[in-house]
Every structure is written in C-alpha cells, then in structure tokens.
Amino acid sequence: MRALLKERPGPGMSLREVPVPEIGPTDVLIRVRRVGICGTDGHIWDWDKWAQGRLHPPVVVGHEFMGTVAAAGGAVRGVSVGERVSAEGHVVDGTCLLCRTGQANLCERVQVIGVDRDGCFADFIVMPEGNVWRLDPSVPDNWAAVFDPLGNAVHTVMTADVSTKSVVITGVGSIGLMAIPVARAAGAAKVIAIDVNPHKLELARQLGADEVFDSRDPSTRERVYALTNGDGADVLLEMSGNGAALDLGLSMVRNGGRAALLGLPSDAVNIKLAEHIIFKGLTVFGIFGRKMFETWYQMQSLVTTRRIDLTPIITHVLPLEQFEEAFAMLKAGSAVKIVMDVSGELA
Amino acid sequence: MRALLKERPGPGMSLREVPVPEIGPTDVLIRVRRVGICGTDGHIWDWDKWAQGRLHPPVVVGHEFMGTVAAAGGAVRGVSVGERVSAEGHVVDGTCLLCRTGQANLCERVQVIGVDRDGCFADFIVMPEGNVWRLDPSVPDNWAAVFDPLGNAVHTVMTADVSTKSVVITGVGSIGLMAIPVARAAGAAKVIAIDVNPHKLELARQLGADEVFDSRDPSTRERVYALTNGDGADVLLEMSGNGAALDLGLSMVRNGGRAALLGLPSDAVNIKLAEHIIFKGLTVFGIFGRKMFETWYQMQSLVTTRRIDLTPIITHVLPLEQFEEAFAMLKAGSAVKIVMDVSGELA
Amino acid sequence: MRALLKERPGPGMSLREVPVPEIGPTDVLIRVRRVGICGTDGHIWDWDKWAQGRLHPPVVVGHEFMGTVAAAGGAVRGVSVGERVSAEGHVVDGTCLLCRTGQANLCERVQVIGVDRDGCFADFIVMPEGNVWRLDPSVPDNWAAVFDPLGNAVHTVMTADVSTKSVVITGVGSIGLMAIPVARAAGAAKVIAIDVNPHKLELARQLGADEVFDSRDPSTRERVYALTNGDGADVLLEMSGNGAALDLGLSMVRNGGRAALLGLPSDAVNIKLAEHIIFKGLTVFGIFGRKMFETWYQMQSLVTTRRIDLTPIITHVLPLEQFEEAFAMLKAGSAVKIVMDVSGELA
Amino acid sequence: MRALLKERPGPGMSLREVPVPEIGPTDVLIRVRRVGICGTDGHIWDWDKWAQGRLHPPVVVGHEFMGTVAAAGGAVRGVSVGERVSAEGHVVDGTCLLCRTGQANLCERVQVIGVDRDGCFADFIVMPEGNVWRLDPSVPDNWAAVFDPLGNAVHTVMTADVSTKSVVITGVGSIGLMAIPVARAAGAAKVIAIDVNPHKLELARQLGADEVFDSRDPSTRERVYALTNGDGADVLLEMSGNGAALDLGLSMVRNGGRAALLGLPSDAVNIKLAEHIIFKGLTVFGIFGRKMFETWYQMQSLVTTRRIDLTPIITHVLPLEQFEEAFAMLKAGSAVKIVMDVSGELA
C-alpha cells in the first residue's frame, strides 16, 4: 500500500510502498478515504525539537482521517466490514486510573497514531475496535476526516461551559476557527475572536464571530471590556499557545470567569498569577485531546443537526500525491484546513 | 477608644486614642474582644511595595476579630445588641455582577477592613449588618477571632473537593496548617505537607498530616509519587505564594487532577504550562477570600462539631498592648498564629 | 392610583382607586408601564383551593411587570429616578441560610408580590432596591414585562444543561413555549415538544421545536426513542404539572439523563421510582423561581443579543381596563401570553 | 467444582457439582475465596416476583466475592495468575452511549453476575478482565468480599457530596450501615440514622451516627429540624426502598438540599412533588450500582487508609456449606452482613 512516511530523522516526508498492516483479534483494518493535515504534522515535517524528542522513524504520519472497514479481528463485535468510520487517534492502555475513571484522554501511557505508532496518511490503518467511531450517513466525508481537531474545539468549548456567556478566543488557526461555530451552537451569547492574521479574522467573522480584533491593537482589551458591560468576558478559549496572547486573554476575563487552555506554548510562560488568576478567582482548565467518547457524541450531535458548518474552514481538498504542495500551502499560511483524498477519487 | 494605627507612610504602627466610629442605619457597632494577626498585617507594618500602593494612612489596621454587638442602626433587623459575633472583612458593593451571582468574594469594588477602610485592632469597629456573623456559643473566642484565615483554608479545601483524595499542601504557614485538619475533616484520604521550615512541618504532623517533606529534598517529588500509587497526588493546595513551590507542587499532581491556588506570588511566575497543566488536563482554581457566606456555614459546621481543632495553631495569646512583641515574634518565625486580647481580660 | 384588587375572598378581581404606596429608605417606587398575566393570576381570579389557603385580601394582584423609577428611598444607591426597570417578584429576607449561600430564590421566608404582598397590576408598586433590575435600552417593553416567566424558563433550561443535547418539553403553555427558543439558544441539538393542544404544538413548531407530538398518541414514546438513536432523550423539561405527562416524560429520558421539573402538580404524584429514576441513574431537579440574579443576567444576554424572540408568544396586548376580557381569553385558551398596558398608551 | 445453584423455578438453592467454566481470550478465571450474601440473593432464594421475571435457571447465584486469579485468557495483559482480586459484578457491553461516556454502571445491556449469568457462590467464576479489581495487600479478605455493596454506599455518599453537611440516612440495613462510616470519612458533619429496627439503630450509633431515630416516632421530623438549626438536613440518603421512609426523608431535607435514592421500592411511590421537591428546589439523584471504576478507587482509598472500618457490619463468617443457616439468619434479621468462606479454610 502507499504510505506517507517520516522515513528517517530530518525534514520532509516520503510517499512509499509498504506492506498492509496486520490486525490482532480486537483490531479493525480501515481503508482510508480522506485525511486532514494538522499543525502537528507540520512540526513532524520540519523535524523540530519536539518531533526529534518524540518520534522514532520510520513511522507513517497522520492522525485525522475517515474511511471504511476493510477487515475486523475475531473478537470484534461492534463494527462490521464495509461500515463508514472515523477513529479516535489516542490509543490508550485501558487499565490506568485515568482510563478507568472516564478520563482516558489523559491516559498515562497514551500512544498517538502518526506520532507514537503508524498513522493514517496511507491506504490502510489498523485501529483497536474501541477507538473506532461509526459515522452517520449524513456526515460529509471531508467533515468526518477532521473530527480529531473538531473534537479539540468541542472539548474546549464544552469544558468552558459557554451557554449565554461572552467568549473570547485567542488564536484562530483551524481549531480556533472551528471553536467559533461550536461556541455559537453551544449557546455562547457573544464570540470575540483575536489574532494577528487579518485573513483569519475575516474568516472568523464569516464563521459567526460577533467581533474580531487584532491582538496588537492597544485598544483591544478596552474594547472587549466595553463589549462586556465593563465586567470583562465570561470565558477565554486560548487556542494560540502564545504567551503574549495568553496574557492578553487572561487580562480580559472577568472576576469569577473561566479560561480553557488548548494552545501549547513551546516553553514555560510567565503568568501574572496573583493579578490574573488568584485575585480574580478564575477557574483554568488544561485541555488535551477529546473526551473518549463524550466529545464524539457531542460532535455527532452538532454535525448531524447541522448546528455547525465546517465547509468554510476546509479551504482545500487535494489528492494525497500533492502532499508537498499541501504542506507548502500550510506553511505559507495560504490555506486553513487541507483535506487530502487517499481514495483516488480526486486523482 | 484605643486603635492600632498605620498613622503615616513608613514602617511600624502606633497605639492611639481615636473617636469611636459612628454607624449608619444599616451598620452595626461591635465592641472588639479578640483579634488575629495576619501576614498581611506584617506587610503593612513593614510598609512594603504592596502596602505603599494600596493603603491611605491614617487607617486602623486589622481584619481578623470577634466581639459583641454594642449598637445597631435603625434598619438593622437580624442582629441584636449584646450578641457575640465575628464578621466577614470584605465589604462589598452588593450591586455588581459578582455580588448578584453568588460570588461576592470577588466583588469588583471590594473594600477590605484594615486595608481600604478602618479595621479591627481597636476597641470598636463598624460593620455593615450584611457582614456580621452570629457565633454559636460553643465556639471559643480565640477560634472565632481567626475565622477570616480559617475561611481562606476552608474555601480552598472545599473548592478543591478532597473527599477520598490524596492532597499535597505546599506551604504550611498558619493558613496552610489550618488546611490540614480541614482537609482531613472534609474527607481527604492522605494529606502531605511540604515546606522548608522543620518546626512548621513538625506542627503539620501534629495537626494530622500523614507525611511531611522538605521541599528542598530532591527526593520529595519521587516520594510523593510512591505514596500515590505512581499516579501523583489528586489535589494540590498551594499556600506558599512561592514560584518554586508552585512548580514543585504542579509537578506532583496527577493527570486530570486539581490545584487550588491561594498563596499570592509577589511577581509574575514562570509556569511550564504545556507540561504541568495542559497535557495533564489539570483544573486550576484561583482562590480569593471566602465564599460569602457558604464558607462561613462550612466553618461553623466544622467548628461546632469539633471536626477540627484550632488550638495547636494559636501558639500565643497576648494583650493588645504587647503588639510590638507580637509582630516581632511573627517576623522571627517564633510564633504561628497570635491572637491579641483587646477586652482587657488578659491585661 | 388604579389597582386591580382581589378585594375579598371569592372569584373575580376589581379595578379600584387606592393610595399610592409609601417607600422606606431602601425601597424604590416604580411607575408601572406594562404587565404580564400569569396562570397563577388565573388561580387567584378563580379563588381556587391554593388561593384560598395562601392569600389574605385585599391585595393588589400581579407579579410580572416593567416600568420606570418614580422615587427612591434615602439609602438607595444603585438605581435612579427615571430609569427603566423590571424587578424580581420574590422579596426575600436576606438573612437565612439560602439567601446567604446564593439560593435566595429558595428563601425560607419569601414574600411573592401579588400573592403575599401588593403586586404590580396598578399604577405604582414599591420594590426593595435589591429586587430591581435595570433594563437595557434594546429590550422591548413587552418583553421586559414578562421577564418573570421567561426567568422560570431560563432557570429550568440552564439547570438542565442542554448544550448539544436532545430535549423533551412536556407542556407548552407560555413558559413551556418560552423554553423552546431558550433551549435552542442555549445549545440544544434537538427540541421535542409534547402537549395535547394542537394550536400550542403548532406555535411550538414556529418557535423552533424540531418535532411536536400529542401526548395521547400511543406511538409518542417510541417515536422519541427513534429520534434519539434508541437511547432516549438526554433531558426532560417538565412544564405541565400533570402526573401523566411527568410519567410519559420520565419514560422517555435515557439512562444517566436529567429531568428539570417546573410544573406544579396540585396533588401528590405516583412515580415509578425504581424503573424511571433509580435504575436509570437519573438526576432530577426541582425548579422554583429564578436564580437571583444569575438567571436575570442570562435573560439579559439572550434578549439583548436577540438569541431569542418572544414576539410570537405574546399573542395579545390590551389596556389594563380590559382585564376581564384578558382573563376570559386565557381561560378559554384563545390567548397564550397577554401583556396589559398600564401606561395609558394603548387606551 | 461446587456451586450454589438456583436449579429450577421455585424457592431455595442447591449446592451441586458443576464443571469449572471455560474462559475466552479476554477473560480471567478466579478461584473464589470469600463471598458476601446480599438482600438480592434473598429475593432469589424466595423466588419472588422480581426473581421470576428476571432469572433463567439454572444459574449459579452470588455477586459479592474475592479470590485469586487461577487462569487468564491469551489477550489478558493487566492481571496475572495468583493475584488477589475482587471484581465488579456488572458485565457491560462496552459499546453503548453509557459505556462510552463514563457511565458504564448504567449500560443499557448490563448483565449482572449471579442474576443474568453465572455468579460467585462457587469454587470458580469467570470474569472479563475489564471487571477485575486487583486488591491491595492491606485489605482483609472479608472486606474485599463485600466491595460490591460497599460500592453502593460509597457511590451514594459521594454523589450526594456530604463534606461539612448534615446527612439523614433512612434505612440502615447493611448498605445503610456502611454509609455511616463512609459519610463520616467523606466529611459529613452530622449523620442521623433513621430506621424501625432498634438493633440496627444501636449498630448505627456504634458505627458513628451522631443521632438515631425510630421513623415511627412522631417527633422525629421535628427533632431533625432542631438538630439542623431549623433549616432541615442538607442531604438525604434513602436506603430503605420504603415509600413512607422516602416521604419522611424528603420532608426533612432543607430547601436547596440533595437526596440520593438507592433503595428500590417494589411499586410506584406517591410523592408530594410540589411540596417536597419543586418548591424546595431539591436535587434528587437516582443511584444504581457503582461508578466503574471511580467508586472502586474511592473504596480502595477509604479502606487502605482505614478511614472506615467494616468489621462491625460483618456480623458472621460461615463456611459455604452452611448456606441454609446463613439465609435463615438473614431472613430472621439475626445477622447484618454474612460472609461465606468458599476456600475451605473455615470448614
């Protein structure tokens, strides 16, 4: 089969022929149809410090996908050959404290596909049955291919509990953008998007943001307070991983408010803990992955009822063969979310 | 009447004769009986940077106290002359978003007695009726005098939700020490106290800590993991306000755990946000003041049922006239909690 | 001034001239502009068993209203003459456990205007300052007049936590109808309305219900399961106060679901506790009044952002003088929500 | 092997020789050491209406046990032969909404051992690996044998959130009795036990109940209010399944309080919904089984730290061969909790 590989340490990826993987008794073999490219895949392409410390090439890259079941192990009961599926990319041990108490997304021994084990940028992928998510027929292929990052957005929004609340989102990359319609659908009364990229802020507005601001504009904080009755925003969703954006975001949250942090700073961050968190009595949530599988049911609900529309976020759909072009566009910032077709349908 | 005053900018305090304050229609005049000295009072004595930026002398110092009602304004209905009372020291506006939604401790326009308005180190103090707390006869005077810091400890513990959990407390000054019996009484399964002061760690053990560690001992983190089945502690209560202690404390919390932060760092703090909070899916609570008045009901419950005993923490009781000695002992670290008698009973 | 009075025990009400009430130091006198008629007012008109046991005539009726501040007591600080206001109709003692712990709507000594003390069907009403709610200029008078029942709907929906959930509403009188756009705005993925009245079900659909069913149709339960993937609905909002509707509603909730009960049965109700609540692990919320004032902030948010539209629910606006016609229409079921104009603007 | 069988419809059970069961790849074979007898087993013995409708004889009875691992299937990774274990008796499908969202105890297709499939009153039992709980060496065999009902008590108490609260327990059979030390350990400030059986009330007091009352004493309600400052109890734990006890219990809960219902009424129950639940703004939790496996971690924490002591509740330990005597004692009410030894150690 074809597979997009990180073959060896160093930048880039290679499209190679590799054997179709074998399945164990509790596994499912999935013929991949569409995949999404994530910022993490960009770090792997670039072979940055994080990638160097975490990956052990050769490894098939990619963790966002959908396809159809091609084969199932002998002990698989809940999934059948031919079914259309996506899958949770965090393969967990199932036996630790976290897995046994409803927090499997925080499993102490998680293995992420496309990072710690072979991923989905290939004709086939093997997943444990417990990770597979059966798709409703009404979900478009391209939406199903990006359930992984959509799940990040949904988990962040739902943890922050936004119904009737004013919400500031710092950082509107693809997940931050997804968080806009999700927050609206989840009941947010006012969504304010903050970034430095005018194109993404324009897209944010199209996706339903009530107001958009450039974080470098010195009046931004004051204007957010003006929009929130002088109290500050009820909720911050931090999606940038940038220390300055976090500081700005925390400064905008009202006393007693909530902040959900998804963006990953690459280094330690300087935080005015007394001023921004303690005196204000803030509640701060670290967000990782997606709830397994509460978030998936929430996504299914949002998508099948069309409470959200992902179409404007998926700016490009390309055949797998054009992966180099796709990664180049993401690096250049000329695309938001790129879906690649693995099925050959677009070739 | 006598009052311990911060008379003018600069170090020290002065015991002076001042007029008895007047009460408005919704106020209560309280004859002060016993008062507690807080670390904040030490900052005011020293006239540190925080005190210079916040206080406007002359002001009567002190915010921890109990006494008896001496007079009540015409509109006061719920409190009578002669009743034994303590009081919440945060005077709030009652009209802001926070006050109207059950978070008055985070009022945007709070005035703290002994800081922003005249306090309790005096023969009399005026309080709004809404701040007064009527004391059960079974509560000893000295305990009632320290309901303010006890409330900090109770609010922190109850927010963190410790029932059947393993709890690490970083920093066992007087509030950290109070948190030990409170956490035990609230159901904590294991309480681990961490500090650098061997005398306070010894007192921590007497108060019910299952284990005590010196934060400078390089094996401390490893030993906490060993005590918590290799998972890490369920809950961190940060009571030190020290950046290194916070970093150590966060490193000990398990994935999916909780951290309640009460200690106030004087400067911004460097936090490994990705490693310690986001990847772990931590929930972090900023804690300020005490819930008005949920925490007071909880304190009343803990104290009247004798689920907690504050006696070991109140190491000294001195007459008000010996205030210089009292502040000197606190600075020297030779006392934990000092109660001063204002009634003359001990003179 | 004019006032609609329950003058003496027995059916009916009388429009009479009475003195303008006097205000105390912490009170506000409000010139009433628009009022809403509630089902409770119908019980008072009819002088049913509940009314006989609760009211002590003569009393001015009415608890839903808006108007402008005509005068303020000497201790009033947060409200000014001329301001446009509505008010919370539950006058609470402010000193009980409930009032002091953020649950004032459950005050042990609540006095309801128009029931336990003089109400708003009059040219003027006196309210304690703490009950007054200042209105945003964008809120239409007629909407502001029905903030009391809207608050019931919002408190019920927000307690049940409906984001991304499927919601069944049993009973679509005016509050049940309000709950439909509120649930949609708060993020519900699917709203199913159940009643016996085809006109109200038709209005339910106009207001955003995804499906409407007649509770007497024997296939209703089965169809709700079909709409909810065979699991049952996530959430029940019981707005009818009818035992059979409650039984049907509980039978439709999925294992682990939630039920919020607002409708008041006049007698004890027979409940299959093991089958419908215990085996299913349901959480059931009794709902009374509105959170003071969290619900009011939520209403303000929903209304000022136009996330909800109350216009279709307010089917009639009549001058106060036509009160007999108004009550007759409500009894006949030919109106849903009637607002009466007290200002003379419509006369 | 020996097995205590419900051989055919009708009263009684029979000790028979049956084949040792076979294990699948994900199963564990456990050599049973000690078992507990539950009230449910009594219903099965009596062959009451519930048993007639649910069981399909022949079936091995019993669902409370501990033992050692005798063999493990090929795909079992987390449990080893020779390990000392107990197990969750609810065998769940792992694929339904409930199982995938942290509420497996409410699985739509649960199979209970000793009821829907072969149970533990036998020399061996087969359990799926996912149900097995590895025991800490410090847990006594007899305590480990009753983790199933202890889990009911812990799940009830922890759901009700009792820290610093006053708690009424209606019904002190073995689970109600277990709830007393559990509530104390979880932080309850005051525990009040109510029953009709003076021996059990005496045992309740020994186990830590602050007050005990006979539910038939007409002053009971008034005395509970006197003990709770006139407000009523914060929390009700209903353990009796008796309608009158539920009515009494609900009447004692304060406005805004919580009620957790574990006892299973055999028929529908008449509830004063308006008076006892809606006007009071109560939250009512239906409780079924134990959280899988949050409750097990909580039990482990309570038991290994000796925060609770189960010894007084286990009134008798008998060899399996004396099962007839054991069932007779339970029926006569002359025993509270009986553990049977299957290992032969006591024979």
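Going by the order they are written in, the chains are A, B, C and D; count residues from 1 in each one.
The rule is short, and it goes like this: a residue touches a chain if its C-beta (ideal position, glycine included) is under 8 Å from a C-beta of that chain, and two chains touch if they have at least 3 such contacts.
Computed from a prediction, not measured in an experiment: that's the story for all the values here.
Novice: Identify which chain pair among B-D, B-C or C-D reproduces the interface of A-D, meaning that over half of its contact pairs, matched by residue number, are the same.
Specialist: More than half of the contact pairs of A-D reappear in B-C.
Novice: Comparing the two chain pairs, does A-B have more C-beta contacts than A-C, or is it the other way round?
Specialist: Spelling it out, more C-beta pairs touch across A-B than across the other pair.
Novice: For chain A versus chain B, what separation do you get between their C-alpha means, in angstrom?
Specialist: 42
Novice: Of all the residues in chain B, which ones touch at least 2 other chains?
Specialist: In chain B, residues 97, 101, 297 touch at least two other chains, as defined above.
Novice: Taking the complex as given, what residues does chain C use to touch chain B?
Specialist: Residue positions touching the partner: 25-26, 75, 77-78, 94-95, 97, 100-102, 130, 291-294, 296-297.
Novice: Which of the residues in chain A come into contact with chain C in the complex?
Specialist: My answer: residues 158, 161-166, 185-187, 189-190, 297-298, 301-302, 305, 307.
Novice: Name, in rising order, each residue of chain A that touches chain B in their complex.
Specialist: Going through chain A, the ones touching chain B are 96-98, 101, 103, 105-108, 229, 231, 241, 246, 254-256, 261-262, 264-266, 268-274, 277-288.
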